[in-house]
Amino acid sequence: MKKIEAIIKPFKLSEVKDALNELGIQGMTVTEVKGFGRQKGHTEIYRGSEYTVDFLPKIKIETILPDSQVKAAVQAIIKAAKTGKIGDGKVFVWTIEEAWRIRTDEQGDSAV
Amino acid sequence: MKKIEAIIKPFKLSEVKDALNELGIQGMTVTEVKGFGRQKGHTEIYRGSEYTVDFLPKIKIETILPDSQVKAAVQAIIKAAKTGKIGDGKVFVWTIEEAWRIRTDEQGDSAV
Amino acid sequence: MKKIEAIIKPFKLSEVKDALNELGIQGMTVTEVKGFGRQKGHTEIYRGSEYTVDFLPKIKIETILPDSQVKAAVQAIIKAAKTGKIGDGKVFVWTIEEAWRIRTDEQGDSAV
Amino acid sequence: MNPIRRAGRKNLFYSCLVLFLFVFAGSLHAADATTSVAAINSGDNAWLLASSALVLMMTAPGLILFYGGLVRTKNVLSTMMHSLILMAVVSTLWMIFGYSMAFAEGNSFFGNPLTHLFLKGVGAAPNADYAATIPHETFMLFQMMFAIITPALISGAIAERIKFKAYLVFTILWMIVVYLPLCHMMWGKGGLFNWAGGGKIPVLDFAGGTVVHISSGVSALVCALVLGRRDGYPREPMMPHNVVLTLIGTGLLWVGWFGFNAGSALNAGWLATSAFAATHFSAAAAALSWTVTEWLLKGKPSVLGAASGMVAGLATITPASGFVSIPAAFCIGLVAGAVCYFAVTKLKSIFHYDDSLDVFGVHGVGSIVGMLMLGFLASAEVNLAIATTFMKNGAAISLAGGGAQFLNQLIGVLFTVALAGIGTFVLLKIVNATIGLRVDQEEESLGLDLSQHGERAYNE
Amino acid sequence: MNPIRRAGRKNLFYSCLVLFLFVFAGSLHAADATTSVAAINSGDNAWLLASSALVLMMTAPGLILFYGGLVRTKNVLSTMMHSLILMAVVSTLWMIFGYSMAFAEGNSFFGNPLTHLFLKGVGAAPNADYAATIPHETFMLFQMMFAIITPALISGAIAERIKFKAYLVFTILWMIVVYLPLCHMMWGKGGLFNWAGGGKIPVLDFAGGTVVHISSGVSALVCALVLGRRDGYPREPMMPHNVVLTLIGTGLLWVGWFGFNAGSALNAGWLATSAFAATHFSAAAAALSWTVTEWLLKGKPSVLGAASGMVAGLATITPASGFVSIPAAFCIGLVAGAVCYFAVTKLKSIFHYDDSLDVFGVHGVGSIVGMLMLGFLASAEVNLAIATTFMKNGAAISLAGGGAQFLNQLIGVLFTVALAGIGTFVLLKIVNATIGLRVDQEEESLGLDLSQHGERAYNE
Amino acid sequence: MNPIRRAGRKNLFYSCLVLFLFVFAGSLHAADATTSVAAINSGDNAWLLASSALVLMMTAPGLILFYGGLVRTKNVLSTMMHSLILMAVVSTLWMIFGYSMAFAEGNSFFGNPLTHLFLKGVGAAPNADYAATIPHETFMLFQMMFAIITPALISGAIAERIKFKAYLVFTILWMIVVYLPLCHMMWGKGGLFNWAGGGKIPVLDFAGGTVVHISSGVSALVCALVLGRRDGYPREPMMPHNVVLTLIGTGLLWVGWFGFNAGSALNAGWLATSAFAATHFSAAAAALSWTVTEWLLKGKPSVLGAASGMVAGLATITPASGFVSIPAAFCIGLVAGAVCYFAVTKLKSIFHYDDSLDVFGVHGVGSIVGMLMLGFLASAEVNLAIATTFMKNGAAISLAGGGAQFLNQLIGVLFTVALAGIGTFVLLKIVNATIGLRVDQEEESLGLDLSQHGERAYNE
């Protein structure tokens, strides 16, 4: 079982979600995060004092999947999230040892 | 050392926290997240335009533990978070290679 | 490739960010979280009813790095985030199997 | 709900509408400009119009902010709606028969609902029984603003758990059974307690201690007891989701209250000034005593506490505002702040009821204190009328402060408590038996904004 | 932008400033206190000053809250700025020549801009053509508040996508081409439609149904069509970011509207009271009918719906407020709520335009309904003047409700629609061709607060 | 703190309370209705009551919103409390001896505190020395609202770091040492600078340029210097946590300011209208010039900038509002916007002080500009009294604009700067030496809401 963690641009969320649904991936958890990277931030001015804000709003999508689905899911995310402009974000993958569904105590692949 | 990541219903947070404390687990980090899964969302109407909101508020609890405590902790979380209704959430576990306590530079199990 | 996850005190964010930049680490993702641990919370009173709030605001910094950079990065974070007072937080490290840069489809170390 | 029933409803609604419009037809062009308006004093009318606007401002945005800030995020819209919708519902009642039932001549308990049906005969000509220098219509408007805010105050006690439909039905019934009669008894011509208008028992209530605050406060308590506590109370934390809103509301309430009390002089003369002053100094004193009390007992002066003290001081002085000197008003405020502090912080935990936004502790308790202190502090030097107006077998009896008047005040308070308490209890039981009062647990934990109105207050 | 051009601008700006100050020099000490002010009635002046304050309060904080809450987080400041800045810009226009162009004598279409250049001759002495008991200057101030809020209303249709600079240029041109002439035609001495001041076609518009609401509503529709929809509309969800703000705004708008309509009586007599009452009951009725309609059709009564109904009822009664009885006002409100509900929920989706904050659906449609119903419901018993003032070959003609007056009203409405529609269309094309109307897609997705003003509303 | 000390405090408090009530006893029924009130003009009184309400509205919710939005989330409640609590504290002072010290007869520097102890003798009868057509009590109320907002303005300079207890002590002392004397000197009968009431040096200050804005602005600067900067300033970003609140506050301040300035005419005649107009056009002009200046220098016109300009324009016109023509007021506003822009954006960074909410840059600098420009622009055509009232050896001396009056104005300004500056400095040192001014670093980084009041503004 693997976890896919993707950092994307906020306005791409619905597209990515739909792309994953099409693969039959029904579960995911989403977090609002701030990202720092190559993409430049902006400056704000309040009564003359300037602030450079280099943390930009991003969305983190996490989904745990059976190994079999990972490849397709990653491709789908990359495709849906791409604008080609700097700041599109990243996809990371690692192994999850065990998973449970709280409601049913199901364990393993059937839990996700 | 392992990380337990649990996605639960928000109003279950205090119960889960207490359950973990009883096991002597004193540290955890909590994040407000939005969940998408089997549980259906709801529709909202603003001046005639309807929106279906299928991301539901959830709470993510993360705690890093020595391997020995994992089994008990997972059971405690599942027990405390269960309502039996759809949307109760998940528990995921994976291995952490190293941990430090910033204040003391302690490393390993004693850091958590 | 490894992921470093650090939980720190909010007002330490900019210092930690700068410390990482000095190591040439340009990318990171930041999340506002609530922490529970040894550090005590506080009580609030609204019209006579008292509430003890033991979840304290913390910042989670995540950065994915080539294995070579991990050691230095962890040291830098600990150094920058330390106040010596209880509640300074933790640093956790684990292995990431794969990473992609959405914009370019780059994979592996060059993606981060 | 199944389509047939909804269709049924729809028809019902439209037929009502038609009937309604029909009844109107006659009165559409009716008005009352013909009568001489020489008597109208432009300064008095200007002040009463301004005061009417101020009192409406107390309801919205004043009260919706004050209450809205105290509930949890998921219930803020429904809580605000509880007050907003009354601006529509109560005004409609008022127009059809409400005003008439409150202020037309009738018996000691209520006025004749037909006299001013659809406000006929309420126009330019002043009604000397109430206010000789402003149009009767202005008086009607000013009084309407009181009728709107009173039931809105109650909503604080049933916040976060009542069915919207049940709320509407209850409120309408409450207006008819509790408010309109009480209003007539205290202020209506021939009302039982109307000291200035041929009442039998002379009770002093300048701007609504009994009619507005005790009636709503006591009803709120009964509501809290009958509905029961919010799910999870007091175990789960239920902190105000936005104290800033509550503070904005406090400021607007204080400002609006000048219209409420000083407007009740029904002219722009010195009595208005005097009531304005009493209002201000009572609010100031109550804020002080609440803050000091909390500081001494809890170690910290909370901002919400200061704001609560202000509102307590305002509610407490309301019945007395036109009858007492500034120092007396200040005293009343000092007592109000401390007493209401205990009512809010102690009573609730002792008796385990969930008066969610402390309507009883602030408005009910406060105005009872005000009504009773007024019994001793009423001053004929401030308001000469109380010494010269009320007649008993030919002789004028002074209602100035003293044991005798204290008794009258006590009677007025007890009567109000009984009427509001019993009336509310019966009505709630009826509504509960028919359409049910509370939302189910699912809906409550989802929040009323989504479950009752299909909205959320805050989005991206 | 490149430094040279900016330098050029700077010079331009300073030279303007100098010229400006120079022109002033003469008028600096000018004023008009010398003339007898015996005629001034303190009560009337008090009410008009209070009303002027109330009408400004409608713009800020009323409208900025109402609109600000409906947009997305990233555009709230820019949306509020659209109204705020007009308090500066329109006031300046008004001072220089705007008031004169609207209310000085001239032809049927606009007044002489020079008569009151820099407001000379507008002082203590009442202008009997408009208001005999208050200083001419008070009348000027009161009217200015209307001039400020009208273009501000339009901004709701172009929110979240217009360039700030383009907005300013458009608004200034719009005032000159649409507002000032229309204002003169309806209310200015000798205006084409001014029934009370020597107009040819007697159109009744008490407080600005045509001048304020239809003109802004129709212009808003044209703006929405010409600018096109917001990027991503309607695919992406664009929910109100903070309905609480919108509800606060609603309360302030209702309260302020008392000044808007009752102030339009230009005195504190019964007509003011009557307009006050009509305003209140129409708002109440519209809130009811909007809510009931939505409840029946969608299954849930939304809070935003109730608030929208209130504003619809207020906009609808505006032209009628000084001419109709309370029951008539209530009817107008009932119709307003239902009609505007459909205008807002159906029209938009049928014609796929993005009138982002429903300016047309609420203000335009509402006031058209009000103007036309007024044609039948205008009552001489409420406002005797309409039966005695307008003369045709020597004989007074009554403008009371009936087919004849309905026709006049219809003409007034159609003319307003045409002027506002065409004027706005042409001006938008000009602005678009010169400096461009819309921000680019990057800026739009970043939000106008950051891209246009370099700020964000909410921080740590 | 240890139980014994707390107990000690409690006793102290209660004994005070008792004493207090005792002193009252006498005055409880005291009032002044007996004197003839024929002189009272209902229109004037209506306007002054409305104005008093408007000025209180400037403090809450106006100022608490304006300031509350500018601080960081963790300090919003404490910042709002700084203004709110003064509505209680200053009112109490005012009642006991404050009003008397400011407006009773006395010497050139302060009035006799005992004359109107507990406001005795302040009732229905007008005080012809100040306002002949309204009750003396109305005048007292109106002036009290000024006394409340002035120290509240200072709080902007010490936000986010002062101990609540220290704030209270300082404020009370400041009222006694700075405000009440200054108020007497400028406006009190026999006051040193009171041109209309037997002063020696005739300084024109219509509505509080010196008394309110320069005094608070200069004191704010001294506070900022003595307290030192906020921890982390300017390194850490300290952005306004909610600009929307600040914009709502701006709107309410503008509206309320009509009461502040036009109310200062103390009647509802043309002078009130004229002051109303001057106020409006100055605010408009200042918003324009601030916005244009920022746009040219920074490339973007910020919304907060426009709002700051409005407040600057309002503060600047305050002393001049009753003495200048509309074009003159507009000029004053233009200058105010640009000058205050530089004061706020440059001065602070040059001198490295942390006047957190720019009280000095906006109110202090602004009103100094206004006072001095007034020296040249005061017009006898606007306010005839300035040409006929002030007597020197038998002959009336005109105070109309010119070198002579400019000198008088300059003296008034310098005196105010000195008194406020020195007074504040000394008081701060005393308070710091006794109970300490600043919270410790822990508390500051936790935020004052939690550390001083045990609350947080925003929850679930």
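What to note about this one:
A, B, C, D, E and F label the chains in the order they appear, each numbered from 1.
Everything below uses one rule, namely that a residue touches a chain if its C-beta (ideal position, glycine included) is under 8 Å from a C-beta of that chain, and two chains touch if they have at least 3 such contacts.
Bear in mind that the values here come from a model prediction, so they are computed numbers and not experimental data.
Any chain that touches subunit B and also touches subunit E is listed here: A, D. Fewest steps needed to get from subunit C to subunit E, stepping only to touching chains, is 2. Interface comparison, A-F versus B-D: the higher number of contacting C-beta pairs is recorded for A-F. Chain centres here are Cα means. That of subunit D falls 34 Å from that of subunit F. Centre-to-centre spacing of subunit C and subunit D amounts to 53 Å, using the average Cα coordinate of each chain.
Annotation for subunit E: residues touching 2 or more other chains are 41-44, 46-47, 50, 237, 239-240, 242, 248, 298, 300, 302, 304, 454-456.
The residues of subunit C that reach two or more other chains are 31, 44-46, 94-95, listed in rising order.
You'll find the chains touch as A-B, A-C, A-E, A-F, B-C, B-D, B-E, C-D, C-F, D-E, D-F, E-F. Per the touch definition, subunit D reaches subunit E in the complex via residues 1, 6, 9-10, 13, 17, 21, 24, 27-34, 37, 40-47, 49-50, 52-53, 56-57, 59-62, 64-65, 68, 76-78, 80-81, 84-85, 87-89, 91-92, 95, 118-119, 123-124, 134-135, 137-138, 140-141, 144, 164, 242, 245, 248, 449, 452-460. Touching subunit A in their complex are the following residues of subunit C: 3, 17, 26-31, 64, 94-103, 105, 111-112.
Those residues of subunit C that touch subunit F in the complex are listed here as 11, 14, 42-46. Against subunit A, in their complex, subunit E makes its touches with residues 232, 236, 445-446, 450, 454-456. By the touch rule above, subunit D contacts subunit C in their complex via residues 234, 237, 239-240, 298, 300, 302, 304-305, 308, 344-346, 348-349, 358.
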